[in-house]
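Two complexes come next, and they have one chain in common, subunit A, joined by subunit B in the first and subunit C in the second.
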Partner chain A sequence: MKFDPALALHSLSAMLHGLLVTIALAALVVALGLAISIPLAVARNSQRPVLAWPAAAYVIFFRGTPAMILLFLVYFGFGQVFGARDGLLGALFSNAFLCAVIGFTLNHSSYVTEIVRGGLLAVPKGLEEAAAALGIEPRDVFLRIRLPLAIRYGLKAYQNEVILFTKATAVVSVITVVDLTAVANNIFYDTYDPFTPLLTAAAFYWVLVNVIRFGLARFDGWLNVHLVADEQRDRVVMVRADGAVPRPIATAGISEAAE
Partner chain B sequence: MPLNDLIGYFEQLLTGAVITVELAFSGYALALTVGVAWALLRRLGNPVVTAVWRVYGSIFMGVPSVLVIFLLYYGGSAILGGLLGLIGLRARIDVTPFQAGLAALTIVQGAYAAEVVSGAMRNVPRGQFEAARALGIRPYQAWWYVIMPQVARLALPGLTNIWISVLKDTALVALAGLNEIVARSRTAAGATKEPFLFFIAAALFFIVISAATLKFSARLERRLDRGVARPAVAGGRA
Partner chain C sequence: MSAAPLASEAERPVAVAIRNVDKWFGNFQALKQIDLDVHKGEKIVICGPSGSGKSTLIRCINRLEKHDSGRIVVNGIEVSDSARAILDVRREVGMVFQQFNLFPHLTILENCMLAPRLALSLPRPKAEALAMRYLARVHVAEQAGKYPAQLSGGQQQRVAVARALCMEPRIMLFDEPTSSLDPELIKEVLEVMEELAADGITMLCVTHEMGFARRVADRCAFMDRGEIVEIAPARRFFDAPNSPRLQAFLSQILH
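Presenting the complex of A and B:
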């Protein structure tokens, strides 16, 4: 039970390559997830059953299933049907990395859909009515008023989901993609030293997760500059009043609405 | 014939499902215990406890569960041997995939549970503690009869989410060789060349349990909330 710095150093370039695969996978899925989940959230909130029902079914199925099963479904299922064929579908489903992107996107986008939907529902009705009364077109009401607010309300939950999903990519080796965890596992099989490669990989994941956390927290702070100022003001007042740890008044409604 | 394949493998899948449920239940019970213990310890406000919690929480919420499972499975007997060595014992204990998975789920989900329970404890109004003391209720009785029921109410949604992630995380233990439902459906899919049939069957197993959980949780929530009138606000919980 010991850490071997020489082995860690020796395997560093392989580890970094694995990290790059993990980051590329996560980045692609995050981008696709956002692109898919905004229309899905709108469909799920729709009054028309034709739109709302399929979106609800999508969320229930892909959110309730462990990512590993989705990877198997895409890689072994669709891969078997389309993988041997020529053309775009064949190229798509015979590539394990692209199958991983699809599998994780199905899972991640269903979570993000629920976050965006919650954010959209939390936008006060009055804002929408005021915008309509001012004669702003429905499309602009959505794009410039409801969506930006929904993003602001949902950002904290979104941050958690991106982190959870980035960690979940560690199972991707089940469909032969060599990511950071797979590299660490291969080093273990070669050396029979579980601690050095797994702890090194863990350190890389930890840094990656905290970079994401920090980045999105900065973005959140930038979006909510006005609220942070209020919060600090409240804190000064309340600490003077009774010495209690303050509950930020200005953000209370918003953080609760986002949950 | 797909239907015959499903019938042929049904017993296999059922055995796998039982293992999954066993692991999920025991993992959740232990994670909850760890979470409540951490939350109570953190309330002491001891700086050493706080520092240890920060390191524990940051590591296990910042690292994939799979890595923790691998570390405890591949390195488990070395870790246990080292720990026993500290008290002067020399023994070799082999770790099964189930034990490694259970330990990993407990450690990782225990951190998330600690966050949920701590948050719930913070949100119990301070007046409840003061009132209990003013009435002369002994501290442990106050915790058991006054504070904890309110903590349970406030923590319920978060703890429901943790149960669902414990359930889904059991699939990861298949990578350490546990023959649970996902591993068995993969074997069946490979042998019969019917991937859709078996993977969708496995997926439905998880979805049905999640759906049942949410129904049960909603009922429990109504029961725990019976003393609290809630304003009908769309969106968040008051």
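Presenting the complex of A and C:
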């Protein structure tokens, strides 16, 4: 029962292939989830029951169902329910990878919808009123003020959801997709060594998750430059309290140039 | 800047005509049969206790609140359910809020450029020149590259004035513009508003700054429980109030 570096090295290319499947799956679902959840969140916040109720039903159903059961339902169930054994639909539902994308998207998008919705609700009403009072059309008020701020408010929660979801893709082997975990399991069955392949897979997951975390943190920093600027002002005030010479941020360069 | 004689006011065209306006919030009647004509270039200050309907009244003018009955006509445009009419009215009318409401994720310059770019389709260089002109007018041009959170409250409110002016409105609404400012920052905002008043823009201002009202207002209106109880030229409003309710109110705030 110990880590076998030779086996790890030997299985590296198979593992990388599994990792690529995991990344492709996660990337597709994250992209689709984002595309679906923004309109869904808007519908869920709508005053009109025709829009709000179906969106609420979607979230309640797919958030309440385990991802693994959704995968089973899509892969084994949809083909029969819709009688789609031939033609385009038949081809779609017999492809395990596409079924995995659909099943995970239903689950992931219901979580992201709630994150986007929370962000939209957190935007102060006064900002929308100010934009409306300036004669900006409702569509532009949403796209330029409400949504950009909602994204900033929701990004930390979104980062959590993307990381949780990426790791949750490990159950995808139940419908025969060979992802990183499935490759590790196969090596375990072949070699009777559980530690080496699973620890190697865990290392790959760790790296993947931290790349995502780092990327989203950079995005967060870029979006929230106005908050960083605010902290800088606080720092200037602190310096002033110490008795040092205060220097306004924006004019610092100008006054230096003048001297 | 002193109050013009009422006779000449009446001859000027009407900028905002309010007729028999009612507004309900559920079972609470916020506005009761309001009648008010604001003439072009006139400065009107509205005061009254909180909950008296002052803010609701000016928010009905640019349709941030929907009046339930009666008519409001702004420079010939009837405020109605028509989305087109609402946009047209909002382009005639600028507004400054108690809470400044600057867009926190945009710089001062971008705050001022947004509406001209989107609503007037101005190209970037023109919108930027316009924004810089009005930022200079309210004496915050040197802050253009900063974000709202980096400015003091008084500076933020002056930016909010500039942002509204960038749409070149003919009427300005002020909803308690100095009520959330520290005492030492109120003056700089009032000075900007006085400069604006001197330039001849039509102004409706909800405020408790009675010194400002005396200096700037042509007429002052006192609202209580959804009604305009008394409206009179500023001098008479303060020195010879008619109604007991206004007398009581003035004695409360002019200790």
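Everything that follows uses one rule, which is that the second predicted complex is superposed on the first by the 223 of 259 C-alpha atoms of A that agree within 3 Å, B and C clash if a C-alpha of one lies under 4 Å from a C-alpha of the other, contacts with A are read in each partner's own complex, and residues count from 1 in each chain.
By our rule, a contact is a pair of C-beta atoms (placed from the backbone, for glycine too) under 8 Å apart; a residue touches a chain by one contact, two chains touch by 3 or more.
Bear in mind that the values here come from a model prediction, so they are computed numbers and not experimental data.
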| item | value |
| --- | --- |
| Contacts of A:Asp140 with subunit B and subunit C, given as first, second, both or neither | second |
| Subunit B versus subunit C as contact partner of A:Ile69, first or second or both or neither | first |
| First, second, both or neither for A:Arg152, with subunit B first and subunit C second | second |
| Broader residue contact with subunit A after superposition on the shared chain, subunit B or subunit C | B |
| Touching partner for A:Phe219 - first (subunit B), second (subunit C), both, neither | neither |
| Which superposed partner A:Leu199 touches (first subunit B, second subunit C, both, neither) | first |
| Subunit B versus subunit C as contact partner of A:Phe97, first or second or both or neither | neither |
| Contacts of A:Leu227 with subunit B and subunit C, given as first, second, both or neither | second |
| Touched partner set for A:Glu129, first subunit B, second subunit C, both or neither | second |
| Contacts of A:Gly77 with subunit B and subunit C, given as first, second, both or neither | first |
| Residue ranges of subunit A touching subunit B (in the complex, touch as defined) | 1, 60-61, 64-66, 68-70, 72-73, 76-77, 80, 118, 121-122, 163, 167-171, 174, 181, 184-185, 188, 194-195, 198-199, 201-202, 205-206, 209-210, 244, 253, 256-259 |
| Touching residues (chain side subunit A, partner subunit C) in the complex | 124, 126-127, 129-137, 140, 144-145, 148-149, 152, 223, 225-227, 229-230, 232-233, 249-251 |
| List of subunit C residues in touch with subunit A within their complex | 62, 64, 87, 90-91, 93-95, 97, 99, 101-107, 114-115, 118-119, 142-143, 145-150, 160, 163-164, 167 |
| Complex interface listing, subunit B residues touching subunit A | 58-59, 62-67, 70-71, 74-75, 78-79, 81-82, 126, 168-169, 171-172, 174-175, 182, 185-186, 189-190, 193, 195-196, 199-200, 202-203, 206-207, 210-211, 234-238 |
